[in-house]
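In the two complexes that follow, chain A is the common piece, with chain B as its partner first and chain C second.
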Partner chain A sequence: MMDFFLYSLTILSVSGVLIILTTRFRKMSESIFLISLILGCGLGFISAVTILASRTPIDYRLNFRMPIGEFYIGVDPLSAFFLLVITILFFLAGLYGYSYLKDHGKKNLSVHYALYHLALISLMLVVTAQNAVLFLMAWEMVTVTSYFLIVFYDEREVTRKAGYLFLIAAHTGTFCLWVMFLLMARHTGAMNFDQMMLTPFPLPLAGLLFVLGVIGFGVKTGFIPLHIWLPHAHPAAPSHVSAVLSAVMIKMGVYGLMRIIFIIKDFPEWCAVTLLLIGMISGVGGVLYALGQHEIKKLLAYHSIENIGIITLGLGTGLWGQIYHNESVILVGYAGALLHVFNHAVFKGLLFLSAGSVIRSTHTGEIDHLGGLLKHLPWTGCLFLIGSLSICGLPLFNGFVSEWLVFRGLFEGMFQFKMNALIFNSLGIISLALIGGLAAACFAKAFGAIFLGNSRSVDFTHVKENSPIMCVSMFVLGGICLWIGFFPTQMVSFALGAASTISSAQISTTIEEAIIFPLLKVVLVLIILMTIAVVLILFKRIAMKFLPIENAPTWGCGYSLPTRRMQYTASSFAEPILRIFRNVLGFNVEGNKPKGYFPDEAKISSHVLEASEDILFRPIFKFIEFLSVKFKIIQYGYTQLYLLYIFIFLLVLLVWKMI
Partner chain B sequence: MGFQILLHIGIVIILSPLLLGIIGKTKAFFAGRWGAPLLQPYYDIGKLLRKGNVYSTTTTWIFQAAPIVSLAAVLVSSILIPMGGLKAPFSFWGDIILFAGLYALARFFIIIAALDTGSSFEGMGASREAAFSCLAEIVLFLDFIILALLSKKLILSEMIMRNILSWELFGPVLLLVVASYFLVLLTENARIPIDDPATHLELTMIHEVMVLDHSGWDLAYILYGAAIKLFVLGALLVNILIPFHGLPAIVQFMVFWGGMIILAIGLGIVESCMARLRLNRVPQLLTGAFVLALVGLLIILVKGV
Partner chain C sequence: MWLESALILIILFGIIILGNNRLSTMIQLLALQSLVLSITPLLIHPSIHAFTMTIVTIVLKVIVMPSLLFWAIRHVSIRREVQPLIGYGKTLLLGGFLMGVAFLISSKLDLPDKGMSNLLVPTAFSLVMIGFLLLVTRFKAITQVIGYLVMENGIFLFALLLLEKTPLLVEMGIFLDIFVGVLVMGIIINHINQEFGSASTVNLTNLRD
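Now for the complex of A and B:
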């Protein structure tokens, strides 16, 4: 059991090389990819589950004999929880991707598969690295491999731009992380996390490190307003890559923050407030932007930001608990955040994969061009519905369980802490409620416009369900959604284990029972709900035997020639909500209205403006460009000259040191 | 336990359409008519149960699932609240979140069923319902926050069972909660001044327009669901208003049902003397409700619990 994780890493790295070597023999490289994916993810999964079940960490150390310390990886319950997310999602998305890309023309898929493995390995390393330098190396590998996965369709200019934006954003974040880890290393004199933990951090330094961490990790995670790369990169990538990108990759920022909290422990109070505020802004902002989107994958990308908001709310709650030393709140908050990480990975993975199926079948992702697909893609439609219900946090599905925990953490924090907590926690509760309502509106819009009614553009009657392998991946994810919705105990207890690792709070059986017991009652109520539903169905079935059933076209309210173009569109569905929030969002409406008694051609197009991109980042980048132009004077392109600069710089340093 | 649940659900099923009958009678009284009999809502539902179904060729299974899901969710939500002398069969830490979640589930299905017909009118109603319910939900949660702070509990039945002391201490706060919750109740149940259940102009409707294509058993389920929703949300309000608990069961029983009847008459009076608001005014009304609840929260913040 112990070394399964190492085997998994080895298998994945060796097979990655083999895939590249067998590029010429496509069948062979594909089968190597599949076999190694099953083995690697399977072993990783087993080791994660073992550690989560036993709640005891495992260490592997290898001395580098270098100034940067040792090659030290360790799997504690926190790492194992994320390892679980990574292995499940990469396995299912990989399987789907294999089928998704099968007839994909002349592209060299081996490179893609090898990079997929490399991304998997580097993610596994990120969550298990216990040394700052190793962590940053793995972090950088994740960035680079993600970049290559995103630019799969590099013949499109949009994709290249999106990839470039991602690369720049990610590196800005990494810069902050370097500074943060160096400061930590300077204060503690160590690079290993377990040694860093031993030194207490003074509160001001902890605050500074927290800010650096929030910026550094926040860029990857997509906190508003640092999220600008996210809505560009997700739609640009192939669907299975978007799935892992949204489900796993952006969660690494959450992991990073949790690891920082794990190391530093004592934070000033404003840190918890900041996390709660970030959670509220990202949550509400994300879902509002999502409502304004017309493209399915872009909509889902914004929903990732929303869910990161919910996770951050949980994280903030846990941190409040840590500041006030209240174990129950700590555990409920962190466990809610962690479980939502898992749940979001599952349902967002599911949604991206089913969106991919839709796009593959219909060749469009424009919501307002689609419609009526539930009849032609029955399974994809059902699974998309399961994903939608889960993401809205409705009972019966997994999203409800984690949102329940976050809600509970916020409420309990409100009871026990001082004035500040009361104010911010009640704000958090209200925004969480608002997020739930808006998400439901958004997914009613998405599901309704894509799968229900009639097609709004071309006829989709020829559209058929995709290959069974693609469906299998989605079925498993949908199954997990329902499984956690009905049997939450196992995953909640895993999440509690990982939560206690973050805070080093001991879980007493009473606390664990107090958290899990109400969830079992929830399940009982849900079982009653199902029973009632079954009884209602039976009554109706019996009655329908004696009563006539007719079919007719939808009632046009007296209009005799309704066409499918007259259906409500997704944009019009979202309009009332966007109108209510028009002061927070920016709108861009273009077009010419019909004029006169015999109007000629008229058109209208509207989209929601991306405020942080237009207002915040564009001016900053403009300024940087301006500065760069000014600095052009010293750039001549001669290597000798640059050597001279370096020499002068060293000289200045020496002189400065002597003074 | 099983008997309690059955009793609770049974009472709700049997008595909930009566509230609609009382509202109807009150409105008739104000209009100077005799009006339909008190049991008219039962006759309506009974009539629908004897009719066959007409399904639009555009619809899928979603259209048929929605009435069942929404009725089941609303019905099951009733076991979380006490009803005069009868304790809630299920009450546990955090059940308020489930309570709100069940209503969201019911609403979600009704909305997508409306979109399933492909009718632009129903899409319009669905869109409005989605928008207004978002606002109603945050008001509801703000009320929950205040009630939770006052009782230091997260259990619905204990949060709403106030005693006379808390009315003495926090009377203004509770009044603000009641006022804002009343507006939520009106919105959730599509009553005047937010929506008019009796209107016949599709362009102005919210809730009724979403179920234009439903017929027969499906429509009966939906109407029953609406009646139960009014009953359960109304029972919540009556429970908050009753200032004493722990009396003999028979007294409790009478007080509670008296309260429900007064509530129904009150709703009837509101509907008789108000006109429906213009649609773009509805968000303002709900914002008003939000502000009322917020003032309540501010009082608590200043005064301390």
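Now for the complex of A and C:
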């Protein structure tokens, strides 16, 4: 199976070069892109699935040695699980992107396609690298290629700024990762992961490495408060890029953390607590910020942070289980996190793609300008609904399965560990429930404002459904959502296989059955309830046939002459919830309410303060800028002065040597 | 005895260069210094190796480079360094101070082989420092080249410690480097002059950000 994976890498890299070479022949370069995408992703997908099914790792060493590293890749079930996410999402988003960018003016698409392939290759290398240096090289390649994918619309200043911010944030993270890996290499005397694993790490060192890892990977992943680049970069990129960014790219941080846990094994207890706290803060914070957003892709970007929070809760649960050596909790926690990685990739990919479809048709992403699109974009609307229901974690959709696993891990841990666990796990359960509720409110707002009602400002009668290729990719993603929701067995067992790799815990059939069996029962009960509901609705439909039905305009509300502006906006829908959390969020409402019997002008506007950006990072950046300007005075431009610096340095060295 | 006298002479020439403001005199002094310098290998360790080095040093440093520099100042028609960064008196004082530092450093420095004379290492250090001082305090491009060459003479002296251990080929390579360096600098001086109408490096400050 290693052959398949290597073929896939080869095909992608060769075709990437070919795409660049055939820039002048647009048709040819597009077809090369499509064919290589299908072949590369297909081969990668097959190798991932085989390894997940057999649960045996494979590896490959190339015969040349780099100065400090080695080209050493290996696919174990953990890598294979992420490989699955990468190949599925990149294939569908690439297909979508091909159609999305079709009539896109004079931009050089070949470069974009080649970079897309390069990003795919580097992501594949990140999850399969078994050598620290190779890992970091691939990691950097992911950063650079994502930067170029993000700044596709580089004529806009917002985009350039977002890309710049992303680059700075990502490199800050990479700095921590270098320190972390160098410390690990110093302790173990090896750069290869399998050799690192053989040396036990003392607990304080493990704690230090954990902190570095959480910062380094957390920047890419978007833990609050390290997430500042995320809400800027996602809306700036073209939709298919935002989809892979949110679905795949930010998950690499999760993969990295899992790989670190896989290598180090023994952690102090506060690490698990930290992960749980990060999960709660990112989860609840992400969804609250999302509620305050009025731009669809920005809203979705904040939801990525929320889902990263859920994943981190699962990770923390698993780690806690690992500290107390409780196999069931380990497996459930990690499997929940992993499955949510997959699920989030699928439904967030779906949501970003359908948001892209809306934006492509209407040329705007402002929720308050849209409305009533379900009549014009029926497929996009339905698929957006499926994505929304999944992301809220509602039963019979995939989000439910993974969140159920995380819940179960938290509950199991609560009763089996010490007092601390009782406190933090119950906090985790509460916040997970809160996240689910708030996410439902947020998507009720988004779906309601975009697809229901009437259009709020622009006339959308000319808007038509997008090309079939775009719809097909969305359909496949929606299908996967439903498939996992109805038949979770397969993916849960894949996730369990990967989870057992992280912790080296053995899965006995009894444990696996104990995990899957209740889930299947729950799903079965829900299916029965659902059937009953469907039957009742059908019955109502049939019964209504015999009654007179009067059609009225949407949001008529009894007015004789309603206008399309007389309806709930996204802001007004979210306002009551945001008002409750206004102290946490820095939620501001400005404007004057109508007063008296004959009110004159009234207006209202609301916005949410980005706490970590405005309060934490901007002052830090200001301070750094201030320092940099101070240092500029040593830069006069006279050669003599620079020579003097060298001279002084030389003297200092000599004198130092003397002493 | 002869070696010590030669080394003292070299340092003296260096100090005179530091206190001089006529470019042609500076070049002549540099040539004289190089002449004395070229004899030192023979004084330290008379052999065919040393003899070759002497010949090459005389040809390059006493004949070719000074004439190149003379050609350059004729071309850009400048005679003297007009405004040094620090006055001549102060430069001389600083030079003396740096020589003291050089002696101090070389007394503390732990070298495997002290060479033939106790003066060799301090002289080498002093020359490097005097060269640096010239580079830092003078603005004319030609004085910069002279400073660079004085510094190089210091390094040459230091390298004499390793006279027997270094193959001839490496020595020749170093000489070639210096020759090419001076040639390039001579041409650059010409270009600076053409571009700005004077050969002062003050004009080169536009390159900072």
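Following the convention adopted for this analysis, the second predicted complex is superposed on the first by the 594 of 659 C-alpha atoms of A that agree within 3 Å, B and C clash if a C-alpha of one lies under 4 Å from a C-alpha of the other, contacts with A are read in each partner's own complex, and residues count from 1 in each chain.
Definition applied: contacts are C-beta pairs under 8 Å (C-beta built on N, C-alpha and C of every residue); 3 or more make two chains touch, one makes a residue touch a chain.
Not measured: the values here are computed from a predicted model.
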item	value
Which of chain B and chain C A:Leu422 touches, first, second, both or neither	first
Contacts of A:Phe647 with chain B and chain C, given as first, second, both or neither	second
Contacts of A:Gly637 with chain B and chain C, given as first, second, both or neither	second
Which superposed partner A:Lys464 touches (first chain B, second chain C, both, neither)	neither
First (chain B), second (chain C), both or neither touched by A:Lys521	first
Chain B versus chain C, judged by how many residues of chain A each one touches	B
Touched partner set for A:Val655, first chain B, second chain C, both or neither	second
First (chain B), second (chain C), both or neither touched by A:Ala449	first
Touching both chain C and chain B, counted on chain A across the two superposed complexes	none
Contact set on chain A toward chain B in their complex	371-372, 374-375, 385, 389, 392-396, 400, 403-404, 407-408, 411-412, 414-415, 419, 422-423, 426, 429-430, 432-434, 436-438, 440-441, 443-445, 447-449, 452-454, 514, 517-518, 521-522, 524-525, 528-530, 532-533, 536-537, 539-540, 543-544, 547-557, 562, 564, 566-568, 572-577, 580
Parts of chain B lying in touch with chain A, wherever the complex brings them together	5, 9, 49-60, 62, 68-69, 71-73, 75-76, 79-80, 90, 92-95, 97-98, 100-102, 104-105, 107-108, 111-112, 115-124, 126-128, 130-131, 133-135, 137-138, 140-142, 144-145, 148-149, 152, 154, 202, 212-213, 216-217, 221, 283, 297, 301
Residues of chain C touching chain A in the complex	85, 101, 104-105, 108-109, 129, 132, 135-139, 144, 201-202, 204-209
Chain A - residues contacting chain C, complex	635-641, 643-644, 647, 650-651, 654-655, 657-658
